[in-house]
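Here you go, one structure.
Labels run A, B, C, D and E following the written order; every chain starts at residue 1.
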């Protein structure tokens, strides 16, 4: 039925068939609000829609379920004009009442078990009913196609945060029917509802078909009643293959048509064999964190500068960087508002580093460098190698590095983020939506054990102020200044690189648009031949 | 018989209780732990606190232990941290996969190993014998994940002789009855699915079979040589029995006794090998589950249950082997 | 130099048979030695014969407290040996030594002859006279001094047995318990060892308890002979008396079973053949232990166990209710039906399933 | 009868006899161990095994002399063109080319001998030490000590070795090289303990221990001088075979991402399990060389162990 | 014609890296039908190897057998292995020393007896088992029908040896070779077994080669006795002659060194000096020379031949014990 696109492509681009996508990890469940990881979001994004969404391939906001949205001058009231005629997969209509039902559901979620799993909600909305910090006030259905959301305060994260996959709009009917709010603690984890596991019901381009856990296959069927561009393939299977090598081999064997995160080392070979390697625009950051608490020398700005000078980031990007990696000189990718083109850059300069160290009386400095093991992140495909290179650079500048490996979940996050046992550490972030607060605000907006920077109140204030600026232009300017100051005045950490994770597809896959947020929508994908 | 079985089972239970208790208290003393594992980078102190309370970590340790023990006794190992599924479900789903793989491997190992070992012993000192010895020695010395990689690289890339991973082709709509895909296909008359599953099974099974195969060959060979030296073989010769009769009736039967024991012990090697093989071939069994629940995620509930399961399987298999030993060797009597 | 050096009074050594659901429980006993009383005179050789498994070795070991007796008394030169413990017992061991059957397994293969011999001396703090003791002992067993540096496996069987004897002798004991000292040796060597034991007794005034299953050897070297059957003495007499006038049916059978290397004798010997095997010591017959194989057994034998009693003033002792009647011919032998005896392995050890030990390396 | 025997013979005849007898009897003072050693030296399998091990040992010990470069230094000439999908191959000065971080691969292979043997030897020795202590204690003390120790080994043996090692690594609060060594070592503890205990128990019943007891030798000396030395041979054979397994286990842990986290350390298992697998397509040598080295060393130890076992086997004693 | 005629039988063991061992060195002897011939000697003198060589049961590799073994005129050594199998068990039976290890531990006794009947007499399993029952009964095993289903470890040593005898005699062979059949048994059991053997041999007319180190056993059983020393026959005689007037110093020494139950006791035993391993190769003279009391110069440097004696025996000695002049 979708006739708009088939003109240009050779012959029968049209469609049908099954598209198999190899993902890298298991999803947890399909209730958007209880998830916070990319592997769960991938199928969720196909099944549900958000009020606001991103223009394919960018972090730019466009209408989703809301055709348009409006913020009042106080920044507290958001009015959404909803798309007409949209239906949930269970046939119930999407209207303002349904939207508000979702907001109400989140705010009024009962039970610590459920609340503790609403990571994004807690982060963005501050808390639940009864919590004075909670942001949410009320949501009113002005008319069936107009939902009005009232918040208690202005928050800079919006409207970008409305595009978070966690805030996808689900069918209130289905949620009620399948008991969506029941989350029970069992042992050291939680059980979710039938809604979350078997009957996720949204408005998306694909209808949930099933999750075969013994083969690791999630089946999504084309939604023939989708409000937007209907899916070109009849069926999509997300096949979970954890090993990057195996994903590649399956792609080669023709048993899957696209894979997530091809190993950086395989890119060239795959491209050479005719596979398409698609780089996602960078939307992440890897940084070298500095904890000022344990070693007083690190409170000295010059010492932190010395560390920055000591790192040969250009070489790191060249030798270890995946595909489109770029040296980072600030903590945001350039697509994010508030990116400043003119921050102080710390080009590789060992002598300068040595000089700064001796000026600061910090020669012979020994630092505990914590780095994670048993983990691979898009911004950090191979932490051990990166650590080795960074440590090597620091050693060359005369800083003695005492490497402390810690398993990612077996102590690294604890030691670094909670207890601040380290002097240096490696960590990074993939942005959730286009907002500088989502980057620098998260890192440096308040005192954190990770940086042990309790005294840098001017930094906290500056960021807080920038975040609270309602006027978009003012906000942009404020964050640009924050970024300049981060580099030139504060340097609480050293940005290393923006390293976009890639996708690879078979030759016959058309229309897959990589998203900077790793939030690809597969309705545009078609199989030729 | 009943006595022996119950004695062993009681021992098993005691071992398991000791093991669980040990693991439980050990885990609570570790940094990280479930709270850390459940939270991603986006955790705020607030969620952390919520979670700690939701999981009951603010309660005294013995209360937690009591609750844990109660759960375990009722067969509830909690939910997986990584996937949120009940642990028992995760495991009962992965178990058939590993059993299918391990069975295939042991069938290969025995089916190939016993005849090879026998022939090597029979043609002792000849080319076949020497070649067998060398190959089995290398078989024992090669890291099996590397062998898996090589086999996969040679036979699934470029020339697509075998599928590179998984238990069955993606999108195959096979009905699961027992969880053994090959068997399920036969049961439900989905012969295509069965053949497909079998095809997927070949490489992983061969990889996993390497070490047991090598060991079985060596044990069989040594045991046949030992038996050939026995006085009763001389008696059989003195009776004028024909060589084939002696081989079948006297040599083989006695020579296979130690092999049976070894097969029991090899379940251990198989379980260990499955961890590596399954990772190489993305085989959704217990092995993958073990790596998944340790590396990165520290999914302790699953890990805990897996440890118990592995121990139980190992003990039970060895008990079965011992019992079958008692059946085939009249000298061992079961009271 | 007379009077008893060793007195054993109603000595019992029972080995428990263990089995159990979780913790081992004792489910029965092997009545290896079951009430033996005897006295060994100073300077004499007491010979103990009996079939394999009748408890000879256990008696010898129990006497030396190498296995712990279950009950009964042992008096050695007036000392209550069973009351000794710890260091006292250890030091007392110097006075009674043992020579073992298998000269190979009883010598630690890793030690040179010198260290084998000095070990006991060191243990008893006799370092000062060590060299001289070594030399004289080697001399007395007829080994060259060059043997000291060698290892047991480099000697022939007879020489090894000499080393074993030397090891016992070096401490200057009063009693030597020799457990089958010649049965592992070649025929031509046996005589050497037997003679050696003889010579040593003469020159050192030793007292021997010699254990053997070969009646001819025992008769040759012993002054007094005790015949054991299933854990108990059935007859005791001086060597000649026993041969001249065996009283117990078992002794008779034993005597008649020993082959004699003389065709003349063999051709005209009257044989008394025993039927069946030695019953299991774990499950001995009631009453007289020998009754299952005895051609003179009567009803009474099944109910009452005969005591070892003094037969007449010759000092000969016998444990048979009907010794007099048999001797006089009043009691006629009858046919005996062989009873099937299960070997021990089937009743004792074989009971429990052998568990496979996962001790083998796996990758 | 004429006494005297050969002394009554003519001199040359007597000498001839003495000569002939001397020829058949062995020279004195050869212990069983030396005898086994001699048999070992005559066994070509043992020679091959020992040669391999010796070779690697020499390389390990003299690594700084043999290796062209520092194994952890990154070389500008190698990093110049280095990217994740292009790892420079052999060039002048770098006979095996670069590793994924621009370090000299040849030097890493050579130093790898050192680290790998270190891990294998240490893991084996620690396992051996603890195992022998426990086993000796159980074997010598008996009673409840024995029961306790044996139940402990039961618990450990209830898990297959690699699984136990994985579990131990997962249960360790930190991951370092020592975590790996200890995990691999502990896996072997119950094996050694049981082996030694079993052997000690049979020694305890043996005649020569009985003999020592009847001599009044102190219990401690009996254990230390008789029971232990005679039980150790089995343990030593096992230890030789364990080397191979230890190295393979360490490699497997690395492959699972649970190995030594410090990739600066040139250890073959690490090189194979991490770099080798990851960069297999870019430069297969990164996998082939360490794998080959591991196979060779494991082979060497297995060959040697098997031959020692054979040499010590009383059946093969002439 | 003798039933068995062993001529100049030699067995040399040669394994890689070791000196060749001549275990049997030109042994010759004959066995007439129905006759009992003894082979006596100490441990290691080659008794077992001789018997195994006759039966063709020596390990396949590492040894060289020369000479002739004529059984009923056929040289067994020249037969193809598979043909020899037709003779073994049917014409020649054999009993071994250790009855436990000589029986297959995992096969019921009945089958072990029956299979020899199946093999040589073409019986069916059923018929063979029935016959086996009778055989077990004949060798004095109580309750034979039950024993058929039992396993060797369930029987006592004496019973096992009886079972072995039943197997060896199942096909009524013309020759039975018994290699130390009673060494592992107690005296009372030994007496049972020897009596049984004697009865069976007498009643069936089977010839018997009795191998033992016990002179007493030979004295009661054998017609002719061959004394072996270091792989060679040193003396052969009818048993009355041998025990009454041993000619070889070794035989003489042996007889004097064992204590006799019936002789007076107390006096010192005669002892043979040295040990069994104090040998010189036969090629260098008399192997026994180093231990011999009667050694003379002629014993060394020259081969000592086995020479027939006027009493129908043979002797290999340069200085034999003189015959006592009858008083």
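Here is the rule we use: a contact is a pair of C-beta atoms (placed from the backbone, for glycine too) under 8 Å apart; a residue touches a chain by one contact, two chains touch by 3 or more.
In this text, all values refer to a predicted model and were calculated from it rather than measured experimentally.
Novice: Going by the touch criterion stated earlier, list every chain that contacts chain A and also contacts chain E.
Specialist: B, D
Novice: Is the number of contacting C-beta pairs greater for D-E or for B-E?
Specialist: Higher contact count goes to B-E.
Novice: Could you work out which chain's C-alpha centre is the most distant one from the centre of chain C?
Specialist: With centres defined by C-alpha atoms, farthest from chain C sits A.
Novice: Give, as an integer number of Å, the spacing between the C-alpha centres of chain E and chain B.
Specialist: Each chain's C-alpha centroid was found; their separation is 54 Å.
Novice: Where the CA atoms of chain C average out and where those of chain E average out, how many Å apart are those spots?
Specialist: Result: the chain centres lie 31 Å from each other.
Novice: What is the distance in Å between the mean C-alpha positions of chain B and chain D?
Specialist: Taking the average C-alpha coordinate of chain B and of chain D, the gap between them is 26 Å.
Novice: Where the CA atoms of chain A average out and where those of chain B average out, how many Å apart are those spots?
Specialist: So the centroids are 39 Å from each other.
Novice: Give me the residues of chain D that touch two or more other chains.
Specialist: Residue numbers touching two or more other chains: 160-162, 170, 173, 248, 257-258, 277, 280.
Novice: For chain B, which residues are shared contacts with two or more other chains?
Specialist: 11, 14, 30-31, 140, 144, 149, 268-269, 272-273, 279, 294-296, 298, 314, 331
Novice: Please set out, as single numbers or ranges, the residues of chain C touching at least two other chains.
Specialist: 346, 350, 358, 362-363
Novice: Applying the document's contact rule, which stretches of chain E touch chain C when the two form their complex?
Specialist: 42-43, 140, 142-143, 153-159, 186-192, 194-195, 213-220, 239-240, 243-244, 253-255, 257-262, 265, 268-272, 275-277, 291
Novice: Which bits of chain A are touching chain B when the two form their complex?
Specialist: Within the complex, chain A contacts chain B at residues 18, 20, 26-29, 36-37, 111-113, 115-117, 119-120, 122-123, 127, 185-192, 213-217, 237, 239, 241-243, 245-246, 249-250, 252-256, 374-376, 407-415, 417-418, 427, 429.
Novice: In the complex of these two chains, what residues of chain B are touching chain D?
Specialist: 11, 14-15, 18-19, 22-23, 26-27, 29-31, 137-138, 140-146, 149, 153, 267-273, 275-276, 279, 290-291, 294-296, 298, 303, 307, 310-311, 314-315
Novice: Can you list the residues on chain E that touch chain D in the complex?
Specialist: 17-18, 273, 277-281, 284, 289-297, 300-301
Novice: Which chain B residues qualify as touching chain A in the complex?
Specialist: Touching chain A: residues 30-32, 34, 36-44, 46-48, 50-51, 53-56, 68, 71, 76-87, 90, 93-94, 97, 149, 152, 156-157, 160, 163-171, 176, 179, 279-282, 284, 288, 292, 294-298, 300-301 of chain B.
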